Amino acid sequence: MLSEYQLADATATLRGPVFGRRRGLAALNTGTAFGVGLATLWLSLLVFIPLGAVVWQGQKDGLGSFWDAATAPEAAAAIRLTVGSALLVALANAAFGTLIAWVLVRDDFRGKRVVDALIDLPFALPTIVAGLVLLTLYGVNSPVGLELAFTRAGVVVALLFVTLPFVVRTVQPVLLELDVEMEQAAASLGAGKFTTFRRIVLPNLLPAISAGTALAFARAISEFGSTVLISGNLPFKTQVASVYIFAQVETDNTGGAAAVATVLLVIALVVLLGLDLLQRWAARHA
Amino acid sequence: MRLSQSPIVRLVGVVLVAVIAVTACGDDSKPSAVGTADTTAATQAATDPATAAAVELPAAELSLVAYSTPQEAYEKIIEAFKATTQGKNITFTKSFGSSGDQSRAVVAGLEADYVAFSLEPDVTRLVKEGLVAEDWNDDPYGGNVTDSIVVLVVRKGNPKHITGWADLAKPGVEVITANPFTSGGARWNVMAAYGQIIEGGGTEAEGVAYLNALFENVPVQDDNARKSLQTFTSGKGDVLLAYENEAIFAQQNGQDIDYIVPDATILIENPVAITTSTGHLEQAKAFLDYVRGPEAQEIFADNGYRPVIDGVEGPYDFPTPTGLFTIADFGGWSDVSKKFFDPKQSIMADVERAIGVSVG
Amino acid sequence: MPRYTLRVVGLAYLTLLVGVPVGLIFWRTFENGIGPVVDSLTDSSVLHAFRVTAIVAFWAVLLNTVFGVGVAILLVRHRFPGRRLLSVLIDLPIAVSPVVVGLALILVYGRFAPIGGFLDDHGIKVIFAYPGMVLATMFVSLPLVVREVAPVLEEIGIEQEQAAWTLGANRLQTFRRVTLPAIRWALAYGIVLTLARSLGEYGAVAVVSGRLIDKTQTATLVVEERFQNFDQTTAYAVSVTLAIVAIMILIVINVLRPEEPS
């Protein structure tokens, strides 16, 4: 199947220079510029300018103080814990999220719709409630006998809870739109279920899985409300980056807070870019 | 499928109708705030408390920004104030949150007439920004409206037989306190823990050593004092360091705890101030005077706070520890904040690092 | 059989991770019966807080949906320099810790900040008023609609839209009749996720709301306040209400969705 870009390019060569007048997509060219401009303006007002102000705040007292703040031992420990947990959680979500989406779309059983509705619950609950209930479940008088509170494992569980809907909900719509004929064709040609999944379905799902995983990772590194309750916030041991940043703001060390926030932003950008590249590579080698 | 049949459109329609319905009903009317056209009667009355109480103040909406623990007390005090002749025409907007957050919000532009925080540095922050006058605490109470002390909270019946500060540094005892870098309450805890060594004749080095030993026993550091109280009541830890009024509050709410008043502990002083940006100085001052008056102090006492005026008998026993000291004994908050709580270089920063390095 | 294995594994994961905690929340809420729950939910401050949350969530969802669909189409159907960078940057807001979101917005739109000061001089309050809360909520839920719609747009390909153009339809008609129906379920999920996030957002809104009782106190702020005051019933009741609203919308969508994948 030709991608729309190959199609556009083909059309262009037939009809004129790339940014010249093209029929079909020509009407969209000015639209593109307008759209990009509008999107950029909106994003600037909402995201870029405020985040830029934070980055600015971080280096206001000079790059030396920025570096000191970003590499302070507690900060480094918090960042390590946060990024490590987030990566773990993102991967877990990629696997389980896809599995759950598959079960919800392709399988059928009594109560499936109830289960489907439950997926968004962790998202709609105020994070403080999520944190509190997880603390009750895995805290000192744990009814399930698992005392995970105030440990790093507790942090991971809290993050898994709040990032659950991401991969599930990005993969579900794609699975719904997926053309089953290709799978049926593969089956009729003798491909096993797993091969069919790997060769036919997965490549089509990869953009969605990647999108959901990126979101899960991003949410995991910024989560505060639930982790602050269950982690115990011991510096160097169970203090996540967002709690550390909070502590810096509380001690009027806004520059230090901004510096660590900037580091996290950069790490997030790198991981998001990485996921994007991975997705492109996978699409080419499908 | 036609657009009007699209589930999305129908959904949006339903939500729109719902939101309009919800926003349509509901009263948003605010009483109009009359400006500071102060009558001479009110100005005269302000100097004479007896007649002051009998004069109706011009209508105003006062904005009260306070820390979260005295919320119940202030709600009651406001109701009582509105029932007086003075306060009849005064309405309030109220905001309660963690002391540091509220202070920073006011700096960021949150409108406030009357601010109440859990410790002085949160007011000093406003003074630095010019939002509170420099002579804000030039009164017989040092700017404070309530007092409390740091106590040791234990499980009901004191199963671990905690008797005093020395027990907290022993191995095997779990102590709960909030993180002193995010919680004003925890700072009082730290100064109490440090100060009781000094009070007992110890040196500064011994005080710091005690802090190190104490924090070795801290398994959890919540970000504010109320959360640490709830961590304790949910079953974690053997001892909790808390304000006396927090312990009383927990007991009032059915929590199974006891508290020990140590012989040596710090006097917690909670400041209030009127902002320079207030447009209703008369009314704000009147309210502040009311808060320091017998009715309001009685309400505070009912909620577990120690009154700052004499002659107020609350339902609770407020024993005076023999070794009671104040923050002034250590140079006041300006010195203490720098020496103990500077995130980059300070005694507590070293303590936190030491426990991290030794075990992590 | 792999089908049953998948189902069992999936359901087990969900039960352990979500089912048990959520069950506990519901149990805690109704522990003392329905009476206290109804009482706490009909308290005037709580009702006002629900109203605040509803208004903020409505605007955040509306604006993010419009923005989300527009950007998804832009990213998938158009080509321009910086397209991939834009795609990556869209996800960035979710990676920002709530404290930093609040800090960032105050630095720019606070009363003593450049843009905020300008607006304040002209009588527009952003921070500690509704616009600030909407901005904060939009910030934390920005990519959700985009990330739902974009993969589906890519999956369905451009052929149908091209067919529409060759048949003489203009852009708007094509969008209404071809694109929108194709992405409707992705859009629906995106709206639900955005709504759920907007209802449950606490950290960023807490910083910019000012917590003015009966004015800018949202439902999640009430939850925190009630927990602080040992009023667990109200806190749980409000949380459960928020969660149920999100679920109701989803149930409505599921009911409208055809059984078979289209």
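Lettered A, B and C in written order, each chain numbered from 1.
Just so we're on the same page, a residue touches a chain if its C-beta (ideal position, glycine included) is under 8 Å from a C-beta of that chain, and two chains touch if they have at least 3 such contacts.
As the structure is a computational prediction, the values presented were derived from the model and not from experiment.
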item: Maximum centroid distance from chain B, chain identifier (CA atoms); value: A
item: Chain centroid nearest the full-protein CA centroid; value: C
item: Mean-CA-position distance for chain C and chain A (Å); value: 15
item: Chain B and chain C: spacing of chain centres that average the CA atoms, whole Å; value: 33
item: Whole-Å gap between the CA centroids of chain A and chain B; value: 38
item: Per-residue overlap in chain B, given as positions that touch at least 2 other chains; value: 101
item: Two or more partner chains touched - positions in chain A; value: 136, 246, 249
item: Two or more partner chains touched - positions in chain C; value: 227
item: Parts of chain A lying in touch with chain C, wherever the complex brings them together; value: 1, 4-5, 7-8, 24, 27-28, 31-33, 35-36, 38-40, 42-43, 46-51, 53-54, 57, 96, 99-100, 102-105, 107, 109, 113, 115-130, 132-134, 136-137, 143-144, 157, 160-161, 164-165, 169-170, 172-178, 180, 193-194, 204, 207-208, 211-212, 214-215, 217-219, 221-225, 241-242, 245-246, 249, 254, 257-258, 261, 264-265, 268-269, 272-273, 276
item: Complex contact set, residues of chain B against chain A; value: 100-101, 104, 125, 179, 181-183, 218-223, 227, 234-236, 341-344, 352-353, 355-357, 359-360
item: Chain C-facing residues of chain B, complex; value: 1, 3, 6-8, 10-11, 14-16, 18-19, 22-23, 26, 63, 68, 71-72, 93-97, 101, 105, 108-111, 226, 230, 249-250, 253-255
item: Contacting residues of chain C [partner chain A, same complex]; value: 2-3, 6-7, 9-11, 13-14, 17-22, 24-25, 28, 67, 70-71, 73-74, 76-80, 82, 84, 86-101, 103-105, 107-109, 113, 115, 135, 138-139, 142-144, 147-148, 150-152, 154-158, 162, 165-166, 170-171, 182-183, 185-186, 189, 192-193, 195-197, 199-203, 219-220, 223-224, 227, 235-236, 239, 242-243, 245-247, 250-251, 254, 261-262
item: In the complex, chain C residues that touch chain B; value: 47-48, 50-51, 54-55, 58, 61, 106, 110-112, 116, 120, 127-128, 176, 180-181, 184, 187-188, 191, 206-207, 210-215, 225, 227-230, 249, 252-253, 256-257
